[in-house]
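The structure under discussion appears below in the form of structure tokens.
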């Protein structure tokens, strides 16, 4: 039988690049498997929810489940969209793989959720530990004022305090901020040794880093520590301004492994401007999980069995060895400390330290 | 033309007839079992755009902040379901009350102004509520959305099902009921005076019409129905996101309204249906090009004379468009 | 007057109106250079529409409009103004957000700003109100401003739509006096629509009566004043 | 004290950025009464053109910016002559609908041609650095924006309030028929003004790109922001727009320094307060 | 005494337009208000009707202070007016406009369930008003398609529909040709004798044939007040307003 997979993401609107990242990656994975999972034809249906839009997402998922009779769902960039489908997939027993949405407790909302991305707790706790190890005792957090930012701030403060450091100021920057100069001035005035930053992708990253440099924070020795701020998607736009920025994150396109090279190559084969970053690797591994679930159920529609199989998975991802935590159904993975460097004219996130496998520290039950 | 003829030409059409037509078309939707979720969303948007028509088309106040009432209604229904009762009708009432209350309070401020100033003030009100909803995470869930509430069966007998049939019928029933009330209001002496204010605001006080009070009333009524739309949306999707207070929902609703024709009520339903179906189709074919489609459509709508584009819509007359034309012919 | 030559303004079988509405139905009319012509008729017969058609503000569906022998049927209003047409609309059409002085400047076309003094000389009241915005003028002041503004463009043909409406009797007399002076000094030819039939018949030389969009009577004013039958039939009044 | 100075410095320089991206709209919306929601699209066009000239074609920065402004103005003039002119007499809602549709098409086309990534306009060395103010530094680019903002405000203010062209323009906006009957060439006046509005939009797109980076959604993203500036400033008043931009810039900056967790709450509260006290905007007398 | 004006005062910026104007209007009295352009006649009507807020002074109707009331409330008290420059709902059929005014008078404007067309009495009254002004053929038309003169008649119809105790007419005949002017005049004459009318008009024939009393306003002050004959002979008025001819 043909296996149907519904992928929901923003394919239009300001976040449409996520849709493209998903699609390139999903298609690349399918192509790498010859279009078949365990001998079954795979058909992927893409649906556009245009951005954070839970009620629309729910209707799309409902349609995919009821009308198109999909066996698996995947995608989801934003937390509320994923939350919106939780009751549906529980009712219809549809295994659903989250490629990105990063709030810890989503997987609690339905036993049919699996997540192949990361959570803010997962990457922030190692970052806080590293900062402490570097001798930092006074840090500032500067996060964009929305749920993931608040997660990042809470995680950093909790871990850093536990280690005996002090977060002297916690700045929340409105999501609509374009002028970062005031925040950067506040960081400078706080007298901290470094700043832990969380920003959503795109223009704010550029704006913040520009302000960070222009207002002399780098010169003053206030170190920058972040997570996805130097994301490959617009890394090249930073120019020299990004050199030396440090981030703790689970994936770098420069990860040195055969699996990663294969992944990057598969993407290139799919589309010449395809980009390997956290979203595309999330989608790639998400498809890998669906692949495994199809094999485990022999292509039959059995959500419970599929999830049962997925709980025990571990495999070699482009980001390194990963496994699914049976309790949280969230991926356990290595987190790396990366530094932006120039290599062959391009900027890359060079992994300089491997913190080893990290669970989702944010999952409370 | 004699008096009776003129009166006939000017007589408003019957609310009941409109409602039967709408309900009839709506029930035909039951034949499309796969599309119920979409149809339910169309019904919700149609209700929202209908309430927008009261403000924009009838009272002549261009607003881009109507979403404030929708969002407040949605959050009210969600919070009520999460904390107090899962009964859908009580939630609906709470949503209506929240929408009306928001309109009542904000109307006191914004209705004192006109035109562009009014427009921007409505934007400000919606943006402020958006900021507050984001800030009050404990109540609203912030940008993770307010979720985790379940809704009891409608009237205790019809549980919301996976296929979305009950959700659709529920939304349709609320839409048709609201349309009936709205149509009555628009064709009443009250509605007439609001339209008078629309067309010639400075003149109305001299006719003994308390402009501020009438506008406030219509604003509150619009808020009530927008709140109901929000509540239904929250109940059938089981989640309320910050997007239900977002600027783009206001803008989209305005586009739908003008697409269908402002000031005629049924235009709101037509506009919402066209827009949503188009969006749905376009995004399952090639979502990347949705903006080309909608952008091009908007421009065409404006450039092509609306008479030829929508003459078939005139089958259902606007209360006096026909009369005026008939009278003209008579005079010529 | 130039007897053998073409009239200054000529309308030939003009059909005009607004959108689907047709108001003028085959109107034919000639205005000689230097003449003072009065256009009379009941409410809604199309007097204003005639002037608007000449100025290019109503839609001409058939027929031709000639100015100094030149076909201007398809010219834009501003081109017509450039050719020497001036227009005082019935609704006055003062620019509400402009000051009195700016309203006058708008009428200047290419002429120097010094010309404004001529307007102030004609209507001293306007000088007192020069800083007022258009919507802060009394009805009569607006009328004065509208006339003054049109005169500043030094038109060869001035179209006046009820210029006396809302003016105090003294001002009416002064204005008509001013028009007479202008005419005597070889000023613009005037085509004037007016409800104050007595005054205008005394003032103009030629009278044209409209009924349902076409001319029903044309003749010398002095003569017309005595034709109670015509005045009564077409204007619903008898001259006492 | 330090923080107060910081608020003023950052606030004024942010306000000037707001002004420079709003002044074009202040002309088309405020003066011409044409609800041009495609303003952002023209600004974006200017920005992309400048990026293309300077980055891809390696032109000199000033030349590239000038060319971008002129080309955008020309594009505006063409669009005005071909379609937009027909919309002046139409209802506000029609104008809203058409120009938002136009903006959508611009967004989609930009996305298609240039992709979703941010476009950068490389700065010349003389603009890349910072000026030392003693207590702190200010990026050179902001200094340029402030200078250009003052220059544009003066120039526009003079043309609109003092010149005969300004009278023609305002007359044409007040009453088209009457203006045409007075011999004012409406097409020319409105065409030139619209083109000027687009040119200024382009200038804003280029100079403001530091804070509002160029990406396809630029055309829609900052719309509310510039509308607020124009509304608070008052329709048709260039000086009002400048005052509003500075006021809102300072308020927004102050809230970032003192209470950033409230997001743009204070920005909109300030707008409500100003508009309830002065419904016609900051610098406009009530009619 | 129906309407009493006590020391009304109004300035626009530095311009003192109404200077301590006082007069009374008796029950059923027909008074004309004349004066040079810009004398402040329209402003005075605006002050009385509540369109403008006075700088000082009082307006009393049947002894009741109206000064603090809104314009709409004053209309409800029986004070109606027309406008010098026509302002009408542009796209509403004339019949509906008249009905709307009647609804407002009867306090029906808040009824929100029964259709506006359902009330037969209102309809009939609207028809009779239109008939009186010879506007029946235009009943289904909206003002945007009417000639200016016809629009003036609609203004009048709306004022009559309010059945006021005091009616203020700001140049009701401007733009109405003599022929139709008679229709208006006749309609005015048909009004109940208890109705007081204050009319601004520049057409002296009309003023002299209509008014029982004339008030002359100049530069914001009452310059003269008296019967038509007195005014006709008043030397100052002749110089400032009537001119040589009359």
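Labels A, B, C, D and E are assigned to the chains in the order they are written; within every chain, residues are numbered from 1.
Just so it is clear, a contact is a pair of C-beta atoms (placed from the backbone, for glycine too) under 8 Å apart; a residue touches a chain by one contact, two chains touch by 3 or more.
Because the structure is predicted, anything quoted here is derived from the model rather than measured.
Chains that touch both chain A and chain D are the following: B. Farthest from chain C, judged by the mean position of CA atoms in each chain, is A. Chain geometry summary: the mean Cα position of chain D and that of chain E are 47 Å apart. The centroid of the Cα atoms in chain C and the matching centroid in chain E are 29 Å apart.
Averaged C-alpha coordinates give centres for chain B and chain E that are 41 Å from one another.
Chain A has residues 16, 145 in contact with two or more other chains. Shared interface positions of chain E, defined as residues touching 2 or more other chains, are 145. Residues of chain B in contact with at least two other chains: 134, 288, 290-291, 328. Residue ranges of chain A in contact with chain D, taken from their complex: 13-14, 16-17, 20, 145, 171-179, 181-183, 185-186, 189, 202-203, 206-207, 210, 214-216, 233-234, 237, 239, 273.
Within the complex, the chain B residues that touch chain A are 33-38, 40-41, 134, 137, 141-145, 147-148, 150, 162-164, 233-234, 236-244, 283-284, 287-288, 290-291.
Residues of chain C touching chain E in their complex: 21, 41-44, 48, 90-91, 125, 129, 136-141, 143-144, 162, 165-174, 195-197, 235-237. Residues 55-57, 76-78, 81-82, 85-87, 89, 93-98, 102-103, 105-109, 133-135, 149-150, 153 of chain C touch chain D in their complex. Interface of chain B with chain E (complex): residues 1, 3, 6-7, 9-12, 184-185, 187-193, 195-196, 198-200, 202-211, 214, 217, 320, 323-324, 326-328, 330-331.
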